[in-house]
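Heads up, the next two complexes both have chain A, just with different partners, chain B and then chain C.
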Partner chain A sequence: MVNELFRNITKDFSIEFKNPSTLVTSLSFAAIATISISLVSRSYQFSPFIQSILLWLIMFFAGMNSLLHIFIREVDHGNELFLKLNSSAFSVYFSKLIFNCVLFLFLQIIITPLGIAFLQFSIQSQFFFIAIIMCGGFAISGTTTVLSAIVARSGGRGSLFTIISFPVLLPVLWVAISSTEKALGQSGFWDSESLVFLLAFSGMIIALSFLLIRFIWLDE
Partner chain B sequence: MNIIKFVYILMPGSIIMTLLWAPPAAILGDTSRIIYYHVPLAWISVLAFIISGIYSGVYLLTIKKQQIKDLHEKSHISASLGLFFTILTVITGSIWAKVSWGSFWNWDPRETSIMVLLLIYISYISLHTTLSNNENQGKICASYLIIAAATVPFFVFIIPRLYPSLHPDPILNREIRIHLDSRMRLTLLCSLLSFTFLFFYLFQLRIRMHNIGRAIEEQRDEKV
Partner chain C sequence: MRILAKVIKPSSGGVVYFDGQNEIDEDLIIHAIGFLSPHVEPYGELTLHENIRFVLRTDMAEDKIGEHLHYFGLFNHRNSPVSHLSTGLKQRLKYLLAVINEPKVLLFDEPGSNLDAPGKDLVYSYINSLKKDRIIIVATNVKEEERLCGEVLSLG
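For the complex of A and B:
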């Protein structure tokens, strides 16, 4: 089972490295959005609240493009039946989840320094900021993985994905934005309640997704 | 006798209690009577969403055996009724907010939670409509409804307790006590009960409508 999972992850990453068009599009979106905001605001110093909203919205919409793509790609390449016959629900779901988590983390690693450079983020509580970015990113990729499978199976595309995932992700964005605001504005801040909320939400969605993926993707 | 038909007695009874028997609240006066509609509407919205999640779970578990009929339709009906009652909850809440806090909408954690739930189930309706000609509609919609129902406790119980709220203490508070006058408490409980019966009555009615519609379609197909 672990070998199967490893094989699927390797396949997903090698396809992505061969043709990283989606990742490049997401990064371009993030860069253009950040630089445009910086340009029109003429280096205006936003409050930590506005900064955290901008950061998470840029991450969210950059992620929407790339997180959907993993299941859609399988449909587009005609691998659906092959995966159903050769892979277990466990390896299909967790390979896509790991891929999405790594992809979103990579996006965050690029977007956050862009924010620091162009939107003048001044992070007061560095450790909490890193923790909230990682937990928020994990919650977003964990939630969107199963939703991207739903969209891929329904034959829909980007707009349907945004419509069904945005409301489900709102509690994550809500908690992440308010916690990031505190990490940007207050030194030595630590709020474990928000981190526990994000991890609990991700855990619950991932557990449910694992149980549901056989019905959504494998036609069991 | 169908127990749900008690709604014919309970509903008028509780309306009379809410308007005539229950005393007005100390500061808010007669406007406080909206509590007897707002709270039960919010309760049956949550109930409807949880029932739709349960039906979806049972549908997915019994999909191959097909032991129970129309589970997908039942979960859809429950979710759409929940959506309808959530809209009514938002409307009654906004009226009460205007009277108590001076504006129709304040982005209070509870207001935000119910608004997000509303958006989640609007998304479900758009997913259901998109999949109307897809053979996997039942399975995909059931999966989404289970995920949606699983988020309900986060919105109803966790988020409103994480952030400071303008709302009064919830009924299920830390002391597990209802801070209401005894007549107000009894009226609220009667209202909760009668609205619960109303939900099941409407649920049954929608299922009958669905069955009649399907029977008409089948007869039409036979004629053709």
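For the complex of A and C:
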């Protein structure tokens, strides 16, 4: 299983490095959205609440295309059967979960400095800010991985994925936005409950995905 | 063939694999089966060598991989992306990927498709060499491929 997982992770990252068009599209969206808001707002200083909303919305929509394509690519390129013959459903799921977590973390690492530079973010509680960004990102990656498998198997595409992701991710976005607002606006802030909620939500979704992935991925 | 390969469930009945007297666990079936079909597509973005490394379940020395590549006439293309291969070379690669783990059961769906005459001679002699100690199931409409088999079952 570990060997199979490692082979799948290596394969996914190799393909992404050889053809990073989806990642480039996501980064371009993030950059264009951030710069557009900056230009339109000129020197207007947004409140921490608005900054938090803008940050998470940009991350959410920038991530949607990239997070979806990890399963869609297998179906679109006709590799689905080849993958099923050579990997169990569990190793496919976990390898793509790890890939999505790394990918979204990378997007967050790029998008956050963009926000600081162009939207005048001022982070008062740095450690909590980093923690909430990572936990929120993990929750989004974990949730969207299994949803992308469902969309890929149903023949759906980006719009369907975004539509079905949003209600499931609403609690995550709610907590992440409100917690990020506090991190931006209050010095020395720390809220363990938010972090625990996000991690528990991720754990629950991943556990459910582990139980269901065989039925989603294989024709059972 | 996909039902036999355990990638889809039948609407009724089932397929069970035994190793001697012992039923093979569902999760281990993929280790026992090699499947070749027009619908099985290796990763076009990856090279032949990368696809082989993806499929291999055990550590195999590079010279052993090289032997397999030489046998199927693919050694000179080992670092080329699969998307750059002709359909004939791609079919040879599919053979290699199906057999490289030495599975006990081989399922060949239209084994001669996309192959020229030398390619067919190569794979037919390879299938004949495997018959001694493997279960080989061939699905075909081609008369000459029936001769690869010890038993023929006509459907429809």
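The rule we apply is simple: the second predicted complex is superposed on the first by the 219 of 220 C-alpha atoms of A that agree within 3 Å, B and C clash if a C-alpha of one lies under 4 Å from a C-alpha of the other, contacts with A are read in each partner's own complex, and residues count from 1 in each chain.
Note that a residue touches a chain if its C-beta (ideal position, glycine included) is under 8 Å from a C-beta of that chain, and two chains touch if they have at least 3 such contacts.
Remember, it's a predicted structure, so these values are computed and weren't measured experimentally.
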Ask   = Between chain B and chain C, positioned on chain A by superposition, is the outcome a clash or a fit?
value = fit
Task = Would you please give the vertex angle at the Cα centre of chain A, with arms pointing to the Cα centres of chain B and chain C, as a multiple of 10°?
result = 100
Task = In the overlay, answer first, second, both or neither for which of chain B and chain C A:Ile150 touches.
result = first
Task = Answer with first, second, both or neither: which of chain B and chain C does A:Phe166 touch in the superposed model?
result = first
Most chain A residues touched (candidates chain B, chain C) = B
Message = One more residue to check, A:Lys84. First (chain B), second (chain C), both or neither?
response = second
Message = Which partner chains sit in contact with A:Leu212 here, chain B, chain C, both or neither? Use first/second/both/neither.
response = first
Query = So, A:Asn3: does it touch chain B (first), chain C (second), both, or neither?
reply = second
Message = In the overlaid three-chain picture, which partner chain does A:Asn19 touch, first (chain B) or second (chain C), both, or neither?
response = second
Query = chain B to chain C: minimum CA distance in the overlay, Å?
reply = 8
Task = State which residues of chain A lie in both footprints, the one left by chain B and the one left by chain C.
result = 219
Key: Touch list for chain B against partner chain A, complex   = 60, 63, 112, 116, 119-120, 122-124, 126-127, 130-131, 134, 136, 139-140, 142-144, 146-148, 150-151, 154-155, 158-159, 162-163
Task = Report the residues of chain A in contact with chain B in the complex, numbered from low to high.
result = 146-147, 150, 153-156, 160, 163-164, 166-168, 170-171, 174-175, 178, 193-194, 197, 201, 204-205, 208-209, 212, 215-216, 219
Remark   = So, in the complex, the side of chain C touching chain A is made of residues 2, 5, 7-9, 27, 30, 33, 35, 37, 39-46, 50, 53-57, 81
Complex interface listing, chain A residues touching chain C = 3-4, 7-8, 10-11, 14-15, 18-19, 77-79, 81-82, 84-88, 218-220
